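Before any comments, here is the structure.
A, B and C are the chain letters, set down in written order, and residue numbers restart from 1 in every chain.
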């Protein structure tokens, strides 16, 4: 249990989603289980009809940062969805939606991209995290 | 000590404050002590004359996200202050202001809402966190 | 190993960089090794020709918050670079740039301020973090 990495993925911008995907892949590549818990704007970003859209960037990206990110996409850089999928292919990675967020924003399980494995509550997430690492992104 | 959850609460927007409150309540509900350390914009949000105001949302909320949050408030959703209070009622939760932030922004202990238990420095916080989980929100 | 604090420093605004520097100094002051891994906008902020510039603040700072931060700078408050340097002077602190970010944004090691010790990949960072604390800022 204790080598599991638990990620509360709250943010809905492409830069932070990409950072979360890269951390997930890095941990999975070293053989560690990763448990990703989607809250708030991340749930919205994982909707099946929105996951491939442009989700913007953190404000400090500025014009230059957003242009650099757009150039990377145009050059074929893996999207964060693809990096999460690669992490799932090589390791033990589960992605769960937060039931409270989904109730609040009237999002159904079926609204989410199939890369999301299921729905759970925060107490379940905390219980599964145990005393292992928790990162909030 | 090691099952304590320590939260550095830095953000001052209602969405992130709510996420912090829900994590705190989830951990408290499973019997774990939670130590919340308020820095920067979170200290400002916990001022007694501001804690009940609208503190906005992360930029990615957008118009639709802010409207959804406003609708939830209008429908009587518990505010993050109320969720923190519920967590304190059911478990071992302490909320401390960061002394450095308070010095920097000229905020006195008496300016803070009574839900804040005290003031401490970052070294005290790190010492109390020990090797347990630390989450930065 | 397990008392090491690992920080993924992703943000590029002065308020969050300062929070990261203060946490680093607080941990170093209590004798703990600290490993800082720069991603995305933090890499940009550590460029030698930009590190001393104004990097703005989180959106919730607002006009009042940015004015308070400007007043602190004018009054001689240590910059986050100085606080990181103090932490390195008193403890075992290493600052590493993320190789993937640097590739993506075409940043060379030589473009970074000398306070950055080296470059590494995310898998190396995760391996070095082991089961110790990881904080994402």
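The rule is simple: contacts are C-beta pairs under 8 Å (C-beta built on N, C-alpha and C of every residue); 3 or more make two chains touch, one makes a residue touch a chain.
Given the structure is predicted, the values throughout are model-derived calculations rather than measurements.
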| item | value |
| --- | --- |
| Interface numbering overlap (same over half, different under half) for chain A and chain C | different |
| Magnitude of the superposing rotation for chain B and chain C (Cα, nearest 5°) | 120 |
| Inter-chain centre distance, chain A versus chain C - centres from mean C-alpha coordinates, in Å | 23 |
| Contacts with 2+ other chains: residues of chain C | 58-59, 132-133, 135-136 |
| In the complex, chain A residues that touch chain C | 2-3, 5, 15-16, 19, 22-23, 25-27, 29-30, 32, 58-61, 65, 68, 72, 77, 132-133, 135-137 |
| List of chain A residues in touch with chain B within their complex | 8, 10-13, 39-41, 44, 55-56, 58-59, 100, 104-105, 121-123, 125-127, 129, 131-136 |
